[in-house]
Amino acid sequence: MSTTATIDLNGAAPSPTLVRRGGGAKRWARALARFAVRKPLGAIGGVIVVAMLVMALFAEHIAPYAYDETIRGARMKPPSAAHWLGTDNLSRDLWSRVVYGARVSVTVGFATIALGIAVATAIGVSSAYFGGAYDLVLQRVVDAWLSFPYLVIILSVMAVLGPGRLNLIISVAIIAAATNSRVIRGAALTVMQSQFVEAARAMGCGHARIILRHVLPNVTATIIILATIGLGAVILAESALSFLGFGVPPPYPSWGAMLSGSGRTYMFRAPWMAVWPGVAISLAVFGFNMLGDALRDVLDPRLRGTR
Amino acid sequence: MLKRYLARRLVIAIPSLLIASVIVFTLPRLIPGDAVQLMLAETSYAKDIDELRAKLGLDRALPVQYAEWVAHVMRGDLGESLWTRRPVLDELAHRLPVSAELALYATVIALAIALPIGVLAAARQDSLADYVARSVAILGLSLPSFWLATLLIVMPAIWWGWRPVTGFTDLRQDPVGHIVQLLLPAAILGIASAAALMRLTRGMLLEALRQDYVRTAQAKGLAQSVVVVKHGLRNAVIPVITLLGTQLPLILGGTVVIETIFGLPGVGRFLFDAINQRDYPVIQGVNLLVVSTVVLVNLGVDVLYGVLDPRIRY
Amino acid sequence: MSLSRREMLAVSGTALVAAALAPARARAQTPRRGGTLSLRLWDPPGFDHMLTVSYKTNIPLSFTHSRLVKPKAGPAIQPGTFPLEGDLAESWSQPNETTYVFKLRRGVRWHNKPPVNGRELTAEDVKYTIERFMTVKGNANAYMLRAVDRVDTPDKYTVKLTLKEPNAWFLDILASPMAVAIVAREAVEKFGDLKKPEAVIGTGPWMLDGYRPNVGYTFVRHPAYFVPGLPYIDRVDVTVDEDNASRIASFLAGKYDLGWENPGIINRTDWVQIKDSLRQKRPNLKTAEFAANVMSHISMRTDQKPFSDVRVRQAMSYAIDRQGILDATAEGVGIFNPPGVPAALKEWSLPVAQLGEGAKYYKYDPKEAKRLLAAAGYPSGFPATMCFTTYGSTILVDSMELVVKQLKDVGIDTKVDQKEYGAYAASCLIGKFDSMTYGPQTPFLDPDNFINQYVPGEPKNQSQINDPVATDLIVRQRRTFDPTKRREVIHELQRHLAKQQYYIQIPSGVYVAVWDGALKNYGPNVGYDYGGRLVAAWLDR
């Protein structure tokens, strides 16, 4: 058993496990069913996530109106049969805007996490693998980044780059990269101690081979967990940034902007303008977190075998 | 052995601080538009801009400005705000306590919520209580804090004509009022941290409870509660301390929104305004202070590890 | 369309009625000394108005400093009008077009704070202030006094100003709360500049008593104020409150005595939501409505294609549904702005209906817009970008979204380039943009500053306009001293500009000024002169 204690930040770094090979749709289906039964909360989270993805991908088909379409005579109407979630102060259908908002949250969220985790993995794995002076220096730089209140970095980078979806993605990804690199490094360190890696090294395998075939597959579980939980955090961050004026700029509807902008201004007369985006954000974050939690419970073998 | 470990940690902290100082200095200057253009807004002729820039010393080469700044910092002088000419250190002396108190109360509230729920959830893993506890915790984390704050401020005002105390009361003026006014914002901040802490506590406790020494304790006939607290919790504490250390910049950074809504003169809002106004000395000074605090706190946490767990000496 | 005649009369009527009623009541009661007024204002970025251009600084200084002349205040004054009276000047004369002689009051005392220590104000102080205003490095407002050639002090209480060229607006400039607040030499010499709160030493009705950054400040009565008996109000407690939800809650709970937005109003979108609650909780509130002098417009690069073609600009004006914007963002209540001078300055501005040939462009007619675009060579429109910053206002963002959509409907496919305010101020605000920009303009109190935007070479000339006809008219009105004739020149200018549509004017809202009924002898108005409006007001509670 490894004696190097890896500091388990967020309890998110499982110890390595043999990666199962082989596929088959039936196997996946059975695994999913087992997952749903054992982890009902996680299953609910999964359903929410899938619903969000569907909304994002098929917004044009799901939403009855365009997101900027002004509907005559329908200003600030409460939810009704004609407009499921009501209309806003510019006479636009809220349900349509919430659906299109999913697209923004999903693109921003997924892009940010993809970028952030990719960079984090590169940093974390290479740091653990090569060790030595490289590790020392790299970790000091990461330390420096992490010492800053995250909002400062985001604000500064956004102020430098200007508002905009891409710039938002980059700024938040920087934070995600730094934070997650630590945990990934921890997980990678544990893998480095394992026997597969020692054996591979002894056999004279090249760096790339060892990293790709042994290290990466065994930190995948960690990465998946970090990604799902991180998605929730990114969506929340976007809404806080919208409140501060640095979110996704109009005209595309984003849940954060809807909640912190006109939603707040008209909250007495038309509370539905803010309630639904708020519910959407909360559900999305809730869903991602639940899914991530359940995945961790399932993928972390130390907790396996417990009912 | 311990001393060498401590010395190594300290030495490692210094380059972090240096790198941070360079980042702190350069980043705001990359932002388009500078303080002078903001001060003079749309009425400025180019001549005015150049003159004011020269007057404020902003036209010299960057390395020169950096060197001068570092020299001042060594003497304990963090400079003056470009806009108000008030010394940065003075401003910080007034605001840091506010943010620190806020962070403290938020952490206390977070722990008060997270630990009992985490223990409960771990002790009754996968039961209904566990599900409910986790759901509620995650829900608290899922709600955007500014929205919660808005609701809590506005609804009582509409229904009962009551508003929470905004407009800051000083500690010396009215100690009770001072603490009370911070409780609501601290609670909102704490709820978000509580979720993360709760999940960690639960996870760590679950793992600790599975260890051999716990089974031994149970075999010895110790009461379950004693087992959980005495053996389980003690070992779960270390990662929790780590997490607190990483939560610190999150809390300090997350206070901007709360400080704006509740009108608290804290460091978060100060920094946010400074960034918007390109008040370089303030941005640098505050960032440097916060970064140093975090580095020191993390150092302390590392040291605490070294003391608590002799295995951790890398 | 803009407000119907009846509605317009009603709007100005309300103000008039309030004006008519109030003096009678005020005469029936004798003013009381004492009391504390509670306001929401802003945290100034330093207190030196010659080194930062900001209403956040001008407003508190209106409590503590005096000017040579100032606008009259009180319930009898119609909002949107600014008849002048002497502040530090007891009387003044104008021997010729370029010379002004001011006779100062005697016995005007500075605040009793070091290093000025309550001494008497003299002509030397005025001379010093004006010269500092014109020469201190970094005063962006220095251009306001660029017409001044020299300042002389023939004796201790006389100031003679000689201008290089005649400027019919000179007195209004001196009266503006954005301009020349009189300061003391010793304060500048001791503190280096006047940014620090300790350096706030004036001759105004109140003195700065305590300043807590980001939290608030207090004014206390100046016992030696030069108008005997004034001010009536002993103390003014100012709170800094940067969150609208918090302000609404505080106002409902009775905290602020004036509406929390500049200039003592409540935004209509908030007002509509809380007025019922207010009727119960604060039944003695008074209100008045008058047009806002903040106007937004679309600027565009008229020095390059496609905006150099007047038909494109006219098309854009047809494309904008101004009433629709009012309906969506201001509960339908507002007033259309003619070019140049906002409708709120009703003494000078021409109503849209009287713009002659240019009036038609104010109609919402997307078909006509498309036809004009096709005639100009853009049958399927063209792509464009719009530089924008939110100014922290969701209402502005809403109006921008509508504008972008309406432009898109006629084929002008606009991409929004949103900037953070600092970056915006360094670029688009001063004309450095590629295509279009949209945003509010500084709410001046006189037409001259507004129409300066049409003069080539001025930083405010965002649309890069170079129109000799317009420039000529602008210079001419500046030299026309007779107000009636001046008005005619301005109207001629507005009629000309309406045909050109260099800036697409968006309508302004109508302010809802709100104040606590215990505040007597108060007349709301636009502008930063809070102190001037409150100096003769008193509290009955």
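Structure notes:
The letters A, B and C name the chains in turn, as written, and every chain counts its residues from 1.
One rule holds for everything that comes next: contacts are C-beta pairs under 8 Å (C-beta built on N, C-alpha and C of every residue); 3 or more make two chains touch, one makes a residue touch a chain.
Bear in mind the structure is a predicted one, so any value in this text is a computation, not a measurement.
Think of the whole protein's Cα atoms as having one middle point; the chain whose own Cα middle lies nearest to it is B. Note: the chain lying farthest from chain A is C, by mean C-alpha position. Look at where the CA atoms of chain A average out and do the same for chain C: the two points lie 47 Å apart. Mean C-alpha position of chain B lies 40 Å from that of chain C. The centroid of the Cα atoms in chain A and the matching centroid in chain B are 22 Å apart.
For chain B, the set of residues touching two or more other chains reads 31-32, 150, 154, 158, 276.
Counting partner chains per residue, chain A shows two or more touched chains at residues 159, 162, 264, 267-268. Among all residues of chain C, those that touch two or more other chains are 245, 274, 420, 422-423. Listing the residues of chain C that touch chain B in their complex gives 45-46, 51-54, 137-143, 192-193, 195-196, 212-216, 239-243, 245-246, 248-250, 252-255, 274, 277, 281, 420-427, 429-430, 442, 459-460. Across the interface of their complex, chain C is touched by residues 31-34, 36-45, 48, 51-52, 54-55, 83-86, 91, 94-95, 149-150, 153-154, 156-158, 161-164, 166-168, 260-263, 265, 269-270, 273, 276-278 of chain B.
For chain B in complex with chain A, the residues that touch the partner chain are 12, 15-17, 19-20, 23, 27-28, 30-32, 125-126, 131, 134-135, 138-139, 141-147, 150, 154, 158, 195-196, 199-200, 202-204, 206-207, 210, 238-239, 242-243, 246, 249-250, 252-254, 256-257, 268, 271-272, 275-276, 287, 290-291, 294-295, 298, 305, 309, 311-312, 314. If you check the complex, the residues on chain C that touch chain A are 244-245, 269-270, 272-274, 327-329, 390, 392, 394-395, 397-398, 400-402, 404-405, 416-420, 422-423. Contact residues of chain A toward chain B in the complex are 3-5, 7-11, 40-41, 136, 140-141, 143-152, 155-157, 159-160, 162, 179, 232, 236, 239-240, 243-244, 256, 259-260, 264, 267-268, 274, 278, 281-286, 289-290, 293, 296, 302-303, 306-307.
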